[in-house]
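The data blocks that follow each hold one structure.
Note that subunit A is present in both complexes that follow, paired respectively with subunit B and with subunit C.
Coming up: the complex of A and B.
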């Protein structure tokens, strides 16, 4: 099977819809193809993508300000005045296609993709709240990322919006957000958050329940909106790396890697092979640390403290080793544009090998118990089932998708160095319940441990960083990294003098948060914590 | 059951098996914290953690305080589910504007005498995020702060040191 064998059919169907010459260019946003569309083709492209079974990997908008678009051959070359570029990402068989169009800032309307791809619902609302692009036919008119910090006619990502905002007054609570309500005898509502009972991020959950059964769950996020995208504007590459490392602290390596990859592709910079292997080493360590913590926490949520304590112990040892070898317990700020910050000595490598062997030995009896223990089986099997159809419709990746039969993994299906040199085992389960998500995570821990040793076996000699050249004005880059939660997508556009004009990171949680709303159906309220933990969506990663 | 017992037995008590210097420091800090907690709160300090806009990095390290290596509960420190049960608010993150009111309400709901600790660089001085249309920046821009524990994120041992600091000042 050759790469992009579906693209010609996609183009042919678009052509059938409205015959004008279109060409998907392969260079600008490699490894993705980029397809310029007229704004009126946006809806048709979505319909064709849905009919062909493509996965929608997100949509974002980029207000270009007063400057005309960089390349005169762009579809909207006749557009004058301020324009907003809207891009969307589609994927099939590991091949990515970026759709791109321009709309006028004074009349920014496009057809919504949400009716066919429910996973992009909140991404479209996020784009509307921050840039003003309106998606015609979107089934939900309510605000999403915006609460009360800026007004309904202000759009923070537009170039005329000052970063300090237009108001210094206290920001009131977003009390009048209209939640969907269920009426009926014995139906009641449970509001939870934004300040939760545990040590977790803030968000609001609104349950409609009857007795113990959850009738519906509605999430309201946006509480940790910190203006990441606006803060990125004007930063230099190092500055963006620091910011990217703090989009979602649990995924700091993956986010830093995605930002570095996007900037390196925009600048035409190739980090040395040793740097790529070291990045993978860091990323796999991050995956293992998070899975260990979460497997324990899931067990704890059903009262199995033994596994929680054991996993927390292993995680702590793992983090201490990360601190000793990479200078930081979460391995924050270990990546640079063009490479990595620290090399490892021979002694470090020996220590790493011992570390891997020790964890391998420690998880064997522990995972054996978690995998097969009556009191866990009783609570985890059949709880929080996400049907494969739902996972597919929403575009779930990572362990949520893998536990529902969608074995997609960027490392295997669209491999980036060094994963093109090492076998990536992608676990797959079909039950879609909490137990399946736990099993996928245990398998990923084992697979990553195996991979860590293979990476050490084949570690190339040489430099750990390449000089990072200043990218041209208008250069764009796409980063695609398999973080521990799933596929992280990141786009970067450069302004003059190597400054960032646009940074948008898309967390896999955009698609797994709505999955939580679906998989909770038919479960009881007390099982919500374990269902939530088994998905463990990022708040900071989607609030931005 | 046998598997669990075997695993627990073979693991032993790791709380006392931490590396020597860590162990000594932890014990010293812990015992000192314990003395202050005994004096002020009758042997028990209840903490309500509030994420006011953090990236979740600080939360991971605060979680680690409860792991068997640090096991803060042995010092009488425990995390509670409601600010109404709390003596101390442990707040992370720059305060996002969307969390501003929720944080003020949480602070008001905490009974006096109460302490506030700003945990992590963002809460201490705004960090990478600072003040913007979306963020109020440092925690002290929104509620009074007693102690600051910098670090991105602060390691569990630093958090414990900060807790100690909280009890050297007068409420």
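Coming up: the complex of A and C.
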């Protein structure tokens, strides 16, 4: 199959819509192609993408400030004054296309892609809250990331907004958010959160229920908005790595890798092969640790504490090994721009292999029990079904997509080193229920364990880090990593002297949170926790 | 039968009534401990529930602004009603004046009183969780109560009395006969006990998930001594059902006279029986997941059916035999 066999058709259809010369350039945001569009073409590009069945992998805005000429590509454009660059990512068959356009900060209006791609609803609202770009035709005018910390006409990501913020006052309570209500006899509302009884991240869930049946669920997130994108501005590459590692703590390796990949592509830096293999080792360790935790937590949510305790024990041992070898239980700050921070010795190798064998042995009976326990089956099978059509419409990746028949995996479908050298098993289930999401996780644990040994077998000798050159002003890079939750996308643009001008990480949870709102339909209120846990969206990853 | 006016009998009744709150946390701690061991955990000491009660009793009790006086009164009513109900159950000896004044129907009534106040308190503050818990509790208890009475009536028909002391005395006096009606009633009452005491597979006492709670949702707004009383009442209820099952169906060792030796024997016997029952409960909770809420009616219907079968088999097989 030739790469990008759909791109020419996409361009032809765009041309048919409005014939002007367009060229997708392959260099700036490799491995993705980049297509410059006029602002008027934005809506048409979305319609064609939807008609061709592309997956929308997110949209973000990048206020360029007063000097649009800082990136050489735009020097000839007719935009004057402050401009905002809007980019969107489309994907099919593992080929990525970045659409980009410029809008004026004084009149920042674009056609919305939300009516065709419901998954980008909150991403567009996020971009509007932070940069002021208004998406025409967006079905939902309500604020999203903005709670009460800044006012309606303040846009924190614009260059005139100070990094330290405008106010140090305590943020008022977010009280007047207009939730969609259902009226009727016997219909009542259940507000849950943002503070929960368990130790989990904050988020508010608003149920409309009749008896125990959930009529609708609406999520309200943004309680852990830390201003990640603004905090990135002006950092050096090392500083960005530390920040990226803290976007979502449970995916710290994946985020750090995505940021490193984006910066390395922008700077033209090639980390040594040993560093790439070690990164994969870290990422697979992270995947196994989180999946083990999730499998146990799902069982615990239906009162099956035995599996929870066993998984917690295995995960704890796994994380202690991570702490011993890499200095941190979650392996935070183990990646550097250009390489990794820790090498492994021969003794470490032996210990790791023993660990892998021990875990393999321990999960065999445990996963058998979880897979085939009547009392557990009764709760998990048929609960929280996400239809394949919904998963596709929203653009779900990771275990949520894989459990609903969408077997997409960046490691296999758009491979980056070292996954181009290793066979990546991508589990696929079609049932789309909680049980399927558990099975996908169990298969991924097994596949990752197998892969860890192959990575150790073929670990190249040599350096673990390459010097990171200072990237040019305006250089951009795209990072695409398969985190344990799914595809993590991140874009980086450099300012002068190797400083960061824009960093945007897009968590897979942007698409799985809306999936949760859909899959809960037809379920009862007490089954929500297990549905939620089976999706396990990241709060921090989308609150940014 | 005990002399209802004898002061020593009343003293004995008082001691036995005090034993219930004193031993209840121990049973809860024992079940937790066995559960922990079955999950390959070390678990907290069996005395941990006592420490938790002490901690809660020493803490300040916070009450929501929207709470009515009922909210403050409910913990006392629930505790006292549950305790009184427990006092009617023969723990060590059947020779009790309390058993004369209160039979099994009074016991069910006292438990119902406690439940009504618990549910009212759950709804009082006006949070969604309390109301949800109250509605679920009522659904469960409406189905559990008839099953429980049916199971106990099976025994009462054998003994020709609804008095627990007489039922046990009758059973003790019998040579050990395996009656089908007892087996059915035993199975039915065990299922009811699981539902009524909020154990897996009906409710999960250790959960932190508000949306799945039944009993815990109703006491979610309580703190300090109020919460301590609610928790304590729940532990007494667990002990009550444990003793009910242990002493009715396995009555060996229950003292039929107030001699100190037989009382000591009675205590040892009931502790042993409860330890076994608690272990069995922990084992069941380890191998089972919690049921989906709407399976609970089917579960309790099974309990009712078993109890009914017990009654039928008594009438068909045992009457006149």
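Quick notes on this one:
Just so it is clear, the second predicted complex is superposed on the first by the 536 of 544 C-alpha atoms of A that agree within 3 Å, B and C clash if a C-alpha of one lies under 4 Å from a C-alpha of the other, contacts with A are read in each partner's own complex, and residues count from 1 in each chain.
The definition used in the following text is that a contact is a pair of C-beta atoms (placed from the backbone, for glycine too) under 8 Å apart; a residue touches a chain by one contact, two chains touch by 3 or more.
All values derive from a computational prediction rather than experimental measurement.
Look at A:526: by the touch rule set out above, it reaches subunit C but stays clear of subunit B. Look at A:539: by the touch rule set out above, it reaches subunit B but stays clear of subunit C. Touch criterion met: A:197 reaches subunit B and subunit C at once.
By the touch criterion defined above, A:212 lies against subunit C but remains apart from subunit B after alignment on the C-alpha atoms of chain A.
Of the two partner chains placed by superposition, only subunit B is touched by A:163; subunit C is not. Judged by the touch definition given at the top, the superposed model places A:472 against neither subunit B nor subunit C. Judged by the touch definition given at the top, the superposed model places A:306 against both subunit B and subunit C. Using the contact criterion defined above for the overlaid structures, shared-chain residue A:222 touches subunit B, although it does not reach subunit C.
Set against each other, subunit B and subunit C touch different numbers of residues in subunit A, with B touching more. 197-198, 306, 309-310, 313 are the residues of subunit A that lie in the contact sets of both subunit B and subunit C, per the superposition on chain A.
On the side of subunit C, the complex with subunit A involves touching residues 35, 38-41, 128-129, 132, 200-201, 204, 206-212, 220, 285-295. Across the interface of their complex, subunit C is touched by residues 188-192, 196-198, 212, 299, 301-306, 309-310, 313, 373, 375-376, 378-379, 524-529 of subunit A.
Taken in their complex, subunit A has these residues touching subunit B: 147-150, 156, 161-166, 170-174, 194-195, 197-202, 222-227, 230-231, 242-243, 246-250, 252, 293, 306, 309-310, 312-313, 315-316, 319, 323, 329-330, 332, 365-366, 368-369, 538-540, 543. Looking at the complex, you find that subunit B touches subunit A at residues 3-4, 6-8, 11, 14, 49-64, 66-69, 79, 81-83, 93-94, 96-103, 105-106, 127-135, 152-153, 155.
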